[in-house]
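I've put the structures underneath this note.
Both complexes shown next keep subunit A, but they swap its partner, so subunit B is in the first and subunit C is in the second.
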Partner chain A sequence: MTKIAFVRKHAIPPAAPPITEVGAVGWLKQNLFSSWLNSILTILSLYFIVIMLWDFIPWAYGGHWNTKSLRECLDLDPDVACFSVLAARWKQLLFGLYPAEEYWRPTLTFIFLLLAIVPILFPKFFKFFWFSVIYPGLAIWLLWGGSFWSVSIVYIGLALGTLLFLVLIRSYIHNYVIAALLSFGFTALFFFIASDPIVKTLDTILPFSLPFVESLKMGGFTLSLIVGITGIVASFPIGILLALGRQSNLPVIKMICVGFIEFIRGVPLITLLFVASVLLNYFLPPGTNFDIVLRVVIMVTLFSAAYMAEVIRGGLAGLPLGQHEASASLGLTYWQSQRLIIMPQALKISIPGIVNTFIGLFKDTTLVSIISLRDPIGLASTIRADQKWNGIYWELYVAIGLMFFIFCYGMSQYSQYLERKLKTDK
Partner chain B sequence: MSSAAPPSENFKLSMLLSDTRYRGMSLQVITFIIFMAVFFWLVDNTIKNLALLDKDVSFNFLWLRAGYDINQRLIPYTADSTHGMAAIVGILNTLLVAFVGCIIATVLGLFVGILRLSKNWIVAKLMAAYIEGFRNVPILLWIVMVFALLTEFTPAPKAFKGAEPEATMLFFESVAITNRGTYFPAPIFGEGSSFIFICFLLSIFVAIYFIRYAGQKKRDTGKSLPTVWISTAIIVLPTFILFFILGKPISLEYPYLKGFNFKEGLHLRNSFIALTLALAFYTSAFIAEIVRAGIMAVSKGQTEAAASLGLRPNRIMNLIILPQALRIIVPPLISNYLNLTKNSSLAIAVGYMDVRGTLGGITLNQTGRELESMLLLMGFYLCVSLLISSFINYFNRSFQIVVR
Partner chain C sequence: MEKTKINITDEVVIHISDMNKWFGNFHVLRDINLEVRKGERIVVCGPSGSGKSTLIRCINRLEEHQKGSIIVDGTELTTDLKNIDKIRSEVGMVFQHFNLFPHLTTLENCTLAPMWVRETPEKEATEVAMEMLEKVKIPEQAHKYPGQLSGGQQQRVAIARSLCMKPRIMLFDEVTSALDPEMIKEVLDTMIQLAEEGMTMICVTHEMGFARQVADRVIFMDDGQIVEQNEPEAFFKNPQSDRTKLFLSQILGH
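Then we have the complex of A and B:
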């Protein structure tokens, strides 16, 4: 018997995978041509992309930047973009009718804005939060101008009120409600009686002011950002309060909140803006006439606060009831449990919705053009009314659309980053 | 074991704020008083302001002659009609845009949302670009852009003239896209066309009955009938046969060029088309995301369980995933319909006469009745939104997962 046995001494080196399964070809096969249907879709998409870019790239790339008017552009080459309108009018698109020699003020406000949102967006820099607190006043002073002291007196008053509240709580009165009422009353008295003389004195001792710029001069992206950012900042806390009110078991408060939310969500923003521009004077004491930008900001804030409330309510409803019960059984008060247990979780769930509301609000700032404020879209028609640029559409629209896209897309990307970062389960 | 003595029941005034038994009540009373005070302050201001302007609150203007024309209307209306009539024309125009827009948005949104989940890389990315592009740019900009596209890049009617025209009509000389709007063939309803409509409605009812019957039979015996084919035949065939028996009572009237403009046919103005398309595109991006989220929310285990039962992929989609995904998709879908309806108030940007343009625009300016017009306008939008949200609530109640 001969023993025929084969024992392999060496492992066979692994063969290279077939060329159709790896590398670029494999990727193509798996992702683009896995079936005949997919192949058709791929070819159709490619065809579509090529058609789109075939016209767009030469149009955009060969665009004129240095002509004096649309006529000149068309004479040079009618088939390419005439970006000269942007070159000629970019200041207007950014700043509206803001006085040219004061352009540094909105610019500085914008730079400060970027600095002020860093501590809020990235917890690493939270120690600079004080700047974010100062920022609103600083921005108002920079944009509208006037005396530095008339803005800072607001901060002084609020600081004094807070100080009084803390002192009362620590030493004399241990009831939060009474302490809050007392310090609120003090702050109100301070504003009514003391603030004017103090501002006047400070103005005479240390005059420090910028030239006043009226609201109707604001425009362009400056206006969009003013309305958008103020709305975002103010609507968030109001939205939280409304959501809590809607979940509350106190019927009167619940009814007021439900009524407010449903009313605001039921009507288009444009009617509310119209109320702000036409009707608001009816509801205020005769002779009152306050700033149109402020009116718009208030309406936009109320509008998005209602949406915010619904988003946060969704987050609250998504929490298991056990969380409320557990926090109550630990002996936390209502506000303590909201602050420490409920809200952090509810807000985390509702981040996508909150950011979507912010994005919606920022996009909705364009509606102010319908009540004839000069936001970028309103300015586009103003620019077109100029004889030199009569008939120009795409260059302006593409530029405006791109600006909005960058802001909104940035916000949505940030929300995805935040979601990933706060994901504690799984 | 000693129990603590119950707290003494001597009522003190401070207990109103510090005792949880009373605090809620006193808070509500304070809120209510503040609320009423603000409310009466506003009403009082309004009364004073109206008195100063020598105005009263009256809705009589609705019965006065409007005196302005509305170029796109669904019901008979002339400048001699009343302001109330103008408002109704506007309401119908709003509803028309909303209805057509919702249909287009749903179809597009479903399509894009499903393709967004495609395993095909380039298709998925293209759809992502579509969604991000439309979602992140203001709707107002889209409306004016589509409008500019329609008015600037389409030929004038006179370009269709001559033996060798610069522009030609589409679809066998039936549709003309011009910078004054798009002209479609209009249906003309001759004698006997009402029978066809009745027949059509009846066959829809029969088809619904048949689908129910097929479902019942499937539950009872496990055998499934080719429901799609049979119900399509039930709907289409009798109507068609009747159409020919009655001698084609419905015919099409084609638009034709006369002078410098098209005559006859169905004329859709650019304002309407731009508004509807822009709203539909914009909303479809949101719907696509909702569809995607709904499909992704059905856990993978469901697909795997269905596959292990031996179902084929399209049946898994139809019987397992879609029914569960729809429960998640429908409520936000409907609230997006509501958003589209509210966004249609931007019609003013392209000069389409919706209710905001008639009642809240020209009527308001002509009569000077800001308060009344705005009240009616808001009332209309509130009614629509309350109707829709009560429908959402109804849907949620009837399709909730029954937890045992």
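Then we have the complex of A and C:
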């Protein structure tokens, strides 16, 4: 019979792992050649990658850039790419039918866009957030042109309304709802009565305007970015409100939100775009000129807001009830607790889903080609309609795909960075 | 150990009369009458499902009662949201599962409510928070996230978080039930310390040793009713009702 009593007298010191389990050899062994099946799959995959690149690299690397037409390319060497179409038409792919002498405007808008999103993406630069606030107005003025004052007046009106609201809350009326209604009414009155004369006066005293460019001239990546970025920025807050509304205890609000979400999700985006381009005109008073780009932006925003709401609802459902109870038990109000406790956590859980929706929305902007707006896909058909480039497919779509890939990959990388940064459990 | 009774005053801070609550058709609290005076330390015990947690959750309106009245600190609990938020800021609560905010550091957990509800300046809120974290003996964890702390440490942070609001009353809802045996003591010690400082406390707990040591009154609940209440000495030595006797024999029997 063995003895069961045992006492350890010497502790075992930690030792280094065997050499075959660490470093490059260990990694290869563990990940690529861990079993017979795995080794065969590794070799097969490598083989397929090689034969694909074997054809693609010479095709792309030897491509022509300086020919005048597709015919010329084929005469030179039919087996390589004909990138000359990009050299000839790249301006159109970027700016659509925007007047050539005004190309600096969308370019500047794009540079400002990069500057405006920095304070939102990186909290370190949050002190420049004021620029992100004025950017939308600036972008609208730069892209569409017209009087500088007609855009500024919107900001002035909103600022006055906000100021009034704050003053009312601080000193006279302590009821948020009444104060909000009063300042909303004031702002509306301001826009109906005061804004037109003020703009006219300012225009005569200090004329400051850019040549007007109509919406149908917008195209190419400029259009994709206008629709995509506006949709992303606008659908996010609407999605949050819809998600909260769907969880509300007030039956009417809940019903409206559920109805909206289910209706919009149940209808294809193309249908909504057709409604925007054709049907909406039947419902509006005759003679109303409701900008086509604005109509499309509204539809795309509503569409992705519905998806966003469901993604965020998933995040909300992932939070334990205890978080609501703890914040309530400390005396935080509903909105304080949503803003400080619930949403930061729910949004963090939903980051992958939110970015997924953003990327989907950005790529869905190409659907506007169906209602004959000239986004890059729509332009590809226009370019092919030119006799010189009739029959060219690959080169155009590879280039367009690459442009979209750069933006979408950027978003995806940022979301992964954000997830790492917000990780607080380890 | 001699208990400090000098703290109890005649001021009634919680007044519950003929309070009834239903979950759907289930009558979970029946004709509850309870008066708590300032400085009093009360332990509520009873079998699971007896309504003891629901009772203290009614006091800060995490649960709504349907009949009778609850008056906390002179304010009656009604559907008026302003009153509810006011009472909640005066009544601290600690939960079984800590419910710390995982996206904020320990210190931020403690300063959040004072800064937003009481509008305390950040500097002052931080000072108070550090003072409270020292009281629960974990000031060195101030800049860690809750996920990096042990269960016992998290529960002490939760106590500190409530204390930062300088509450007049503290509610403890089975605060040691989710802890490993080694960690129960550090949390109980914190609660004992608090009790000795004269805090008004209502504790739902199965820790009978704690009840003996600090409680001024022990309440036994069963089937949504208060079955028996007494001073701890008499309650444990000489229980009157058969239900209490059975419960005590089961909980103290081993």
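Just so it is clear, the second predicted complex is superposed on the first by the 393 of 426 C-alpha atoms of A that agree within 3 Å, B and C clash if a C-alpha of one lies under 4 Å from a C-alpha of the other, contacts with A are read in each partner's own complex, and residues count from 1 in each chain.
Everything that follows uses one rule, which is that a contact is a pair of C-beta atoms (placed from the backbone, for glycine too) under 8 Å apart; a residue touches a chain by one contact, two chains touch by 3 or more.
What you are looking at is a predicted structure, and each value in this text was computed from that prediction instead of being measured.
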Practice task
Look at A:L340 in the shared chain and tell me whether it touches subunit B only, subunit C only, both, or neither; answer first, second, both or neither.
Solution key: second
Exercise for the section: Check the residue A:L41 against both partner chains and state whether it touches subunit B (first), subunit C (second), both, or neither. Expected result: first
Exercise for the section: With the two complexes superposed on chain A, say which partner A:L32 touches: subunit B (first), subunit C (second), both, or neither. Expected result: first
Practice task
Once the structures are superposed on A, label A:T366 by its partner contacts, choosing first (subunit B), second (subunit C), both or neither.
Solution key: first
Problem - First, second, both or neither for A:L97, with subunit B first and subunit C second - result: neither
Completion exercise
Within their complex, subunit B touches subunit A through residues 14, 17-18, 24, 27-28, 31-32, 35, 42, 45-46, 48-50, 52, 115, 118-123, 126, 132-133, 135-141, 144-145, 148, 152, 342-343, 345-346, 348-349, 356, 360, 370-371, 374, 377-378, 381-382, 384-386, 389
Handout entry: Residues on subunit A engaged by subunit B in the complex (per definition of touch)
Key = 31-32, 34, 38, 41-42, 45-46, 48-49, 175, 177-178, 249-253, 256, 262-263, 265-271, 274-275, 278-279, 281-286, 359, 363-364, 366-367, 369-370, 377, 380, 393-394, 397, 400-401, 404-405, 408-409, 412
Completion exercise
As the complex stands, subunit A meets subunit C at residues 320, 322-323, 325-333, 336, 340-341, 344-345, 348, 422, 424-426
Handout entry: Residue ranges of subunit C touching subunit A (in the complex, touch as defined)
Key = 60, 62, 81, 85-86, 88-93, 95, 97-103, 112-113, 116-117, 145, 147-148, 161-162, 165
